[in-house]
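For clarity, chains are labelled A, B, C and D in written order, and residue numbers in each chain start from 1.
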């Protein structure tokens, strides 16, 4: 069976490696070897700090929030539901966090494109359900590597985004 | 299980009334009126304490755990995934917590009854999937009122249960 | 497995092209017999070529894509996710490929009809979720028989469609 | 709001960091800073090599296989269905790959524990469906870091496992 897939030039493949699922550098220095990607991921200590910062901001705004943090693979890392926060926001906060990591951008940005007549109309039907209004924000290290995402739901979308951004700011 | 919710002292019940979804004393003194249940529910501060206790026990056992806490309504309240803990245990820890609250008993007890030939054979097919091996434990106040449940997954079922029990002990 | 699919004369195949789910000519010359359909389907070697062409075009455009190929039965045949490509595009690329084969047209064509007020409004709710913006293209043999579809996601819908078309061009 | 979660000793947290979602070393050398995990992930070039090796072994055994590769986050990276391979094995191969990464072990090992009377009875009901018979194998670098998993389905479970192991051996 021919390996047509391997005809992609190695240089092109390497050029693509420089962004994405965590910063990616070939591990091997042997050009004949197949490289493993070097990536980064959020730690639980970081996720704790993100949720603490989001809860503090939510309290400051006198809101009650559901707050979810996912890792670089979009898998749940930590979650808190403040007393009295909406039950329906459990799933929404998780979907916002996943959506932000799925596309490496704030959820509200996707929502601008998924309106009727927009280029991504009804993208929300994919991935078991996306949430594309504000409240989901990627989590980035100081050098810009995305290591996860936070999703917040429980108030206005403006408040949700403000709280998510406050949580994201806890990552240095 | 009998209505353990009704043994809650009125004073304790009143103290909780302002906080939410919870336990059961008739509000009205008018026998003609339809009584509303007074219930009790776990607070986020309690859930934090449960998860902190579980994480400390997991570290003590040199294990890496996924830990979920649900409230009296079996809805997710808090979650932590320790660094390096199994990805497949995210869902299992949540299902253990829900299963424990769904039936107000430790998950391992249900598993004894769901074996081939047993009275609850394949009960795991209900509720979008139950987990009936050890690691899920109800969360009870000092007087026995169930206010939620904890589910732990990431090691042997014995360790999972030990860590869940340590978390549950944080509720006084 | 015998390749009965390939014994269909080209002329017969052409006669049927307008009808869709594989070509349909009675096998039997006995008018009393129930005819079996002779169909055509994409081979894995063809799917490899489609994906290699799409990956080459994606690299040329400096994009990172998720690329899915489905067969004549709309079942997944091959898939590649380029390093750093969006996680959310795994499902979208598959849904684009299926959608293109489900209706034997480019996904963007369906999207024109599924807008509010349009004749296929919210068709995305069917089939476990459709994606109806550009990036899905049917795969056709030289004589126009549809043998599968490609779905691409990871950049603008214009780039997605360009890469999908480049992949489709690999089928001769 | 008290940060009870942060009372976990830093030393304990760091001790946990050394295994898991790719090898994990704190990025920061400042003990006061919250560390980001350094992880590793499979590249598409590696996934191509894994699938090529599995296809070659499948052909050698005169079998027709569905072959799936997931990354460190258990998200699909690459997939091939050989001509004539079972349609039902598309989902099974993916579930085997995910299951192997979910628990960082060969799927058959889990199946030994999930039998009636076993400690993990009916674990298959979690995670949207697990497959716990042989055919799923973690993908490890030379130093033992798990960077993904392969799942194979289409023949006997013995053949499925043999082909998966041949694919896994392509990672050096």
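Keep this in mind: a residue touches a chain if its C-beta (ideal position, glycine included) is under 8 Å from a C-beta of that chain, and two chains touch if they have at least 3 such contacts.
Remember, predicted model here, so these are calculated numbers, not experimental data.
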So the chain most remote from chain B by C-alpha centre is C
At what distance in angstrom does the C-alpha mean of chain D lie from that of chain B? 30
Inter-chain centre distance, chain A versus chain C - centres from mean C-alpha coordinates, in Å: 30
Residues of chain B that touch at least two other chains are 48, 80, 82-83, 87
Thinking of each chain as a vertex joined to the chains it touches, would you call that graph a line, ring, star, complete, or other? other
Per the touch criterion, the pairs are A-B, A-C, A-D, B-D, C-D
In the complex, go through chain B and note every residue touching chain D. 45, 48-49, 51-52, 55-56, 59, 62, 64, 80, 82-89, 91-92, 95, 111, 114-116, 122, 124-125, 129-134, 156-157
Can you check the complex and tell me which residues of chain D touch chain A? 1, 3, 5-6, 10, 13, 17, 21-22, 24, 26-27, 33-46, 48-49, 52, 55-56, 59, 71-75, 141, 147, 170-172
Per the touch rule above, chain A residues touching chain B in the complex are 43-44, 47-48, 71, 73, 75-84, 87, 90
In the complex, go through chain A and note every residue touching chain C. 1-2, 4-5, 7-9, 12-13, 15-21, 24, 37, 73-74, 98-99, 101-104, 116-117, 119-123, 125-128, 130
